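You will see two complexes here that share subunit A, one where it goes with subunit B and one where it goes with subunit C.
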Partner chain A sequence: MYAVETQNLTKRYGKTHALKGLDFTVNPKEIMVLLGPNGSGKTTLLLILATILKPTSGSAVVMGLNVTKQPTRIRQILGISFQEARGFWRHKPAEILRFHAAICGVPKSERDAKIEEIMKDLELWEARKKLFMHLSGGQTKRLEVSKLLLQRPRFAIFDEPSSQVDLRGKRKIWGEILKLRDQGSTILVATNEVREAEFLADRVTVLDQGQSVVCDTVRNLKDKIAGGDVVELQLEPGPNSIEELRERLSTIEGTVNLVTAGENQYRAHVSMAEAWVPKMTSLCYEKRARLLSVRVTEPSLDDVFLHFTGKVLENPANA
Partner chain B sequence: MHNIIRLVWFDLKHELRPPVWIVMEWITFIIQLGIYGALISQLVTGIADYQQYYAVGFLVMLAFDIGSHTGRHFVEHAHEGRLPYLLSLPISRSKLFLSIALQGGIELALIVAVPFAITLALLGNFTFISVIGAITTLFCLGFGVAGLMLGLSFIAFKSTDIYTAITVGLSSIIIRFSTVLYPLMFLPPNYAPVAILSPLTYGADLVRFLLGFERNILLDPIYAVAVLTALAVSTLGLGMLLLQRLVEGVKSG
Partner chain C sequence: MTELLRILQLAGNDFSYFFRTKWLMAVLLSLNLSDMLVVALVFQRLMDFNYFQFFVPAVVVMGLFVAALDTGRRIWLAIREGVIHYYLSLPISTKGVVIAYLLAGGLAALVYSSSLLLIALLVLPAQAVWNTFILMPFLFILAMGLAGIAATLAALASTHAEFFFAYQQIVQIVLLTLSTVFYPIHVVEQYLPPFLVNIVSHNPLSLATEAMREYTFVGTPVQPLVLLMIFLTSMPFAIVGGLAYLWALRAIQVKGKL
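Coming up: the complex of A and B.
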């Protein structure tokens, strides 16, 4: 049974279709990353699964519970960290967390110790007495993530969990999300940060214009791009003709394109470099050509997105 | 029930620490009644003691303001991004809305308590039942107005500026074209039919009736009870229904 399953899920805002008949699944205890540009429907999907928005049509089931028929029961096993933490301007971080812990049923005897631990972990402890409105963007984001780390729900949703956070903070947040998964939570992360997706994902679903374009592990997605891996070779010719060797290299299974990049240097665009390189080394050995250097470059998730949607992930924060 | 109290207290404690705005409301009432009310009372001849009439009118305006504020506050939450968070909490929608109504009720009670006590002291002649009746009327009016503001919230999802303009404009009209400051019988013929439509007319006249004012300058209290009850039930019910559909159907955040 899937932890999350949507069938033909549609959401319309007036004439705008945010989700167009989305079929989507998340396995229990995995981190599923939704990757897509702004406006692709990621946040809408998260809000529907969190029972904050109602779908226009189609069905969505979370841990066996229907989002439209059993919303309160879903909210009892689910936690969501929003894209933007807003609204509690005059509250202090510690009291926001105390309130969240209490309302989500964290035992009173554990609350203060857990809050202190999480705030220290996410470097919020120094800011615990500041008003929310005086926190920086990064601090409000850490606070938003802290709510879920405190709550430890069975199904956790993170909407861009590390946007506006510095690199060290990102690593910390990602580490905590992985830990949450290892402790048994099912996790759904929406992001348009490629590095975040690569770091966290057990599987990735690429969303575009409210539809799932492709869903698989990062490895498989990359492998699905024909000629996505680039292998650069430098050879020292043996007794046989280098031209013959070049000819044979271009016939290895998985070679999409082989070009000369310099004297005795070649650049091969291949599918699945990990399978191609051993065949290439065997061939060189057979032809007694000495391999001076090999450099393998695999496609990024940006390339994956470009390949499947024909678009680039547009977000300056990705740079 | 614990979670409802938590929700109410989470917000309310910030209103009370320190309770500056509540005290300011009390001071405004005291100054307005003590200076303006006393002076204008000497100029008005048609009513036996206009200061007392004015005191009740001001009390009703306070109830109206707080009800209106509660309704608008909820809509502001939606726009500030707090509402999605509240909607994601593990409590039912009815409990969430109940907590909002309860918070509005407590704020109303806190703000009105001192002005109400002063008004009673000024009137000097009341019974326990009349006091309970007057308080119930003020709450009924407050909830009705809050419901009205919630009912208008669909405008805010298109434009908060238009929503603010409409609610503020509507508030001014509802107050001015009512019997809050002057009895219906003294209103110009063109104003009187409009005043009959204002919920404040019924709130103000019913509170005055319950606190022992002369009946000949007031509307029939039976009508007032019927109108206020219908207002509170219909606008709150409709407001909640509309809002539930709106907040769960409109993109937020």
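Coming up: the complex of A and C.
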């Protein structure tokens, strides 16, 4: 059974279609990353699964519970970290966490110790005496994530969990999300940050204009791009003609394109470089050509997105 | 954990939010205290009856009124800041969120007006303070009703601050003007047509004010019928307000915003 399953899920805001008949699944205890540009429907999907929004049509089931028919029961097993932190302006971070812990049923005896531990972990301890309205963007974001780390729900939703957070903070948050998964939570992360997706994802669903374009592991998605891997070679020709060697290289299975990049230098666009490179080295050995250097570059999730949607992700930070 | 416990936790959180808004506390207290200790004394000299004794108990009910109306501001803020999304993700039903807000509004208003009552008791001799304890549950129901009105205004105003505050002012003026908070019923009878007199005398603010004057300060024995009238005139406001807020939450769930 899937932890999350949507069928033909549609959400309209007036005439705007945020989701268009989305079929989507998440396996238990995996991190599913939703990758897509702004306006692709990521947040709408998360809010529907969190029972905050009602779908226009179609169905969505979380841990066997229907989002429209059993919202309160779903709320008892899920937690959501919003894209923009939601806090009470005149409360301090620890008070916000204490309220969250209490209403989510974290035992009273454990609350204060856990809150202190998480606040120290996420570098919020220094800001403990500030009111929410005086926290920086990064601090409010870390506080938002802290709620889920405190609650440790069976189904955790993170909407752009590390946006506005510095690199060290990002690493910390990502590490905690992985830990949450390892402890048995099913996790859904929406992001338009490629590094975040690569770091966290067990599987990635690429969303575009409210539809799932493709869903697979990061490795498989990259492998699905024909010629996505780039292998740069520098050779010292053997007794055989370099032209013949070039000809043979271009016929190796998986070669999409081979161009000359300089004297005795070539750039090959190949599918699955890990299979292509051993064949290439065997060929060089056979032709007695000396391989001076090899550099393999795999496609990024940006390339994956471009390949499947024909568009680039909008966040300039990913460029 | 039961739904009831979660409702109480949410109500407790909103209740504390009211008292954390220090500028609001300062504004409300200064207005109410100036009403009690300045306006009442000045008018005392202009009237042919003891206006101080008449108006001071009314200020306690006015405090209840304005504090309960602040529920609307907190709901409006929660909608504007998106905190409402957070509430809708918590393990509590949507109806539970509505009930929590009404409870918090009622409780905050009752606690605030109790502080005014204490001050009133210092400046005006009360003949039967214990009657106040009988009044309290009914004042709480009234405050929930007023919180319900405020919730309705917040739902109607959506995210437009200027509309919300304009609606709030209109309601405040209408409900206070058509009541016996500022002037006795015989004065109303002189100037207003009978149907408006009827409205004034059945306005829950008038009923609560008269009850506070008569039962706490004059010491007249409590009349159950009056308490029943406070209950019956307040409950519709609470119910309509609750339904309006529920409608607003449902609208947010469908449209994403109001």
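Please note the rule applied: the second predicted complex is superposed on the first by the 314 of 319 C-alpha atoms of A that agree within 3 Å, B and C clash if a C-alpha of one lies under 4 Å from a C-alpha of the other, contacts with A are read in each partner's own complex, and residues count from 1 in each chain.
What we mean here is this: a contact is a pair of C-beta atoms (placed from the backbone, for glycine too) under 8 Å apart; a residue touches a chain by one contact, two chains touch by 3 or more.
What you see is a predicted model; the values in this text were computed from it and never measured.
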{"item": "Clash-or-fit label for the pair subunit B, subunit C on subunit A", "value": "clash"}
{"item": "Which superposed partner A:F99 touches (first subunit B, second subunit C, both, neither)", "value": "both"}
{"item": "Which of subunit B and subunit C A:Y13 touches, first, second, both or neither", "value": "both"}
{"item": "Contacts of A:I80 with subunit B and subunit C, given as first, second, both or neither", "value": "both"}
{"item": "Touching partner for A:T72 - first (subunit B), second (subunit C), both, neither", "value": "both"}
{"item": "Overlap of subunit C and subunit B interfaces on subunit A (superposed complexes)", "value": "13, 44, 47, 50-54, 71-72, 75-76, 78-80, 82, 84, 86-91, 99, 102-105"}
{"item": "Contacting residues of subunit B [partner subunit A, same complex]", "value": "3, 6-7, 10, 14, 77, 80-85, 87-93, 248-253"}
{"item": "Contact set on subunit A toward subunit C in their complex", "value": "13, 44, 47, 50-54, 71-72, 75-76, 78-80, 82, 84, 86-91, 99, 102-105"}
{"item": "Complex contacts: residues of subunit A adjacent to subunit B", "value": "13, 18, 43-44, 47, 50-54, 71-72, 75-76, 78-80, 82-91, 95, 99, 102-105"}
{"item": "Of all residues in subunit C, those that touch subunit A in their complex", "value": "1, 3, 6, 9-10, 13, 17, 20-21, 77, 81-83, 85-86, 88-94, 253-256"}
